Amino acid sequence: MAGGRQYFTGQDGDPAPLVARASRRVRFEEVDLLGMLWHGRYAGYFEDGRMAFGRRYGLSYQAFREHGTVAPVVRFHVDYQHPLRFDEECTILCSLHWCDAARLNFSYTLENQAGRTVAGGYTVQLFTDVEGTVLLLPPEWLGTFRQQWRQGLL
Amino acid sequence: MAGGRQYFTGQDGDPAPLVARASRRVRFEEVDLLGMLWHGRYAGYFEDGRMAFGRRYGLSYQAFREHGTVAPVVRFHVDYQHPLRFDEECTILCSLHWCDAARLNFSYTLENQAGRTVAGGYTVQLFTDVEGTVLLLPPEWLGTFRQQWRQGLL
Amino acid sequence: MAGGRQYFTGQDGDPAPLVARASRRVRFEEVDLLGMLWHGRYAGYFEDGRMAFGRRYGLSYQAFREHGTVAPVVRFHVDYQHPLRFDEECTILCSLHWCDAARLNFSYTLENQAGRTVAGGYTVQLFTDVEGTVLLLPPEWLGTFRQQWRQGLL
Amino acid sequence: MAGGRQYFTGQDGDPAPLVARASRRVRFEEVDLLGMLWHGRYAGYFEDGRMAFGRRYGLSYQAFREHGTVAPVVRFHVDYQHPLRFDEECTILCSLHWCDAARLNFSYTLENQAGRTVAGGYTVQLFTDVEGTVLLLPPEWLGTFRQQWRQGLL
């Protein structure tokens, strides 16, 4: 489950997903009338996971920009299984799934402090230049990154 | 497309979706470094549509609470097609799709001021009591609402 | 009170403040555990007032940028008098106070749907160029604006 | 400066302020078009400091609630001195200043990763019961807390 296989089914021979992890405590300003993390705020939690991933594997927003690339989210999905309450500590697992196309397929698993999975989801990102034109081929730096991933160097 | 048929495929004989509409201007605080509405803020736009729906059809959060019911979002999905920029006016179409089970299936279409569809998505809500226990049968008031819907009275 | 005289005391002969007005309904995502608008979200309500002011008097963010100017907020203050609750309609009065220096002094009054003042506050903005260097003299276009204000043409 | 003496001037013999510290990295979703932390989001940073204070000194929201008390913010003030940019690490110093009345006077100092003070501010909180009625006398548990503070036990 934590690998997000329910969201992205790969093919035999694909390298295993790369995973990073972040943690975050639910803030007072983030909970609703019922004391639960408002459903629309999970995007920020996913992004914390994606940022941790970027720092760990060199795929940060800043690294993209240095290459003149932006990677806008074109699809976003969350399945909520159990509420997160005010002041609860939450772990975000963020996994990048292998894909040959010019896109980034991330899945996310959120766990509460008892280790229970409370939500899952995924994002799909495409690549554009700074003017917003979609790149049909993966940028060159991504090719290098994928080569290292396939060779087990990451 | 605006009916969200791509997200919820009904059956022959189901009443047509009920639709409400809201509008909202993209705020300075909502756009990112690139001047585009940050992807995580669409949940708030969807909720504006759902609130407008609730006011029009009597399905508001407050009406739920009076019946001791809460309807948490258990699934949330967005497909982003075109950016929304700072100060752009946006129309949110919110459609409720017929469903016999104890759930609410809403789809959403966002249009920019030129009338172009810029995003679509859906939410699924279940019903719980105030303590959070999921109701397996639709609450009674929802039965009445659905009867009126089927009879074309809404 | 609505003129914000308690925040900016002018001098005899200063033109009266210019006022604009916006309205906004408190969203579900904006209230806290107690059902009240969270205190940190008033900045967004003030900004709605300032945006309405900008549209009415030609002092918008976009107009600033066309002149190569940015007007960052350097001071922000709120006095909370009465809570705003979920789904309450709120009116924001935004007043610009006369000032000869290179700054913008806005005060704000929030009224609930019963017409009661629920909060007041103010912001101070300086002018910088796009690189962030503070301008010690008011930009030329602001001089023109102030001339029209003094002549009662706004 | 870090003690916030510019905001709350005490009297001779008052115990020194109590201080707690939190840290936080500026998120992508928190910066504006110019890449700077939007001014309206500092309230969340202050609250992180206040939460850290509550955990350290036993003055948390939850502790208040157990005593049937709520401490709404009735005044909020920020002075912005230098921008915080995307991905910058920020330290929040939160100080409680001695006061005999039924109120909490906190001041805040934000420092960037270079140790430079980038913002300061303060909040004033009153005490109410759960229904929102203001308490004119400090709650009993606060008396105990203040006694320990004066005796240097905190």
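When the chains are written out, they are named A, B, C and D in that same order, and each has its own residue count from 1.
Going forward, contacts are C-beta pairs under 8 Å (C-beta built on N, C-alpha and C of every residue); 3 or more make two chains touch, one makes a residue touch a chain.
If you're wondering where the values come from, they're calculated on a predicted model, not measured in any experiment.
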Looking at chain A with chain D, do both copies bring the same residues to the contact (over half shared) or different ones?
-> same
In terms of C-beta pairs in contact, which of A-C and C-D ranks higher?
-> C-D
Centre distance in Å when chain A and chain D are each reduced to the mean of their C-alpha atoms = 33
Measure off the straight-line distance from the CA centroid of chain A to the CA centroid of chain C, and report it in whole Å.
-> 38
Distance between the CA centroids of chain C and chain D (whole Å) is 25
For chain D, residues that touch 2 or more chains besides their own = 28-29, 40-41, 43-44, 47, 86
How about chain C: which of its residues touch chain A in the complex?
-> 28-29, 31-33, 35, 38, 40, 86
Complex contacts: residues of chain D adjacent to chain C = 34, 36, 39-44, 47, 70, 72-81, 83, 132
Okay, in this complex, where on chain C does chain B touch?
-> 27-29, 43-44, 47-48, 51, 61-62, 86-87
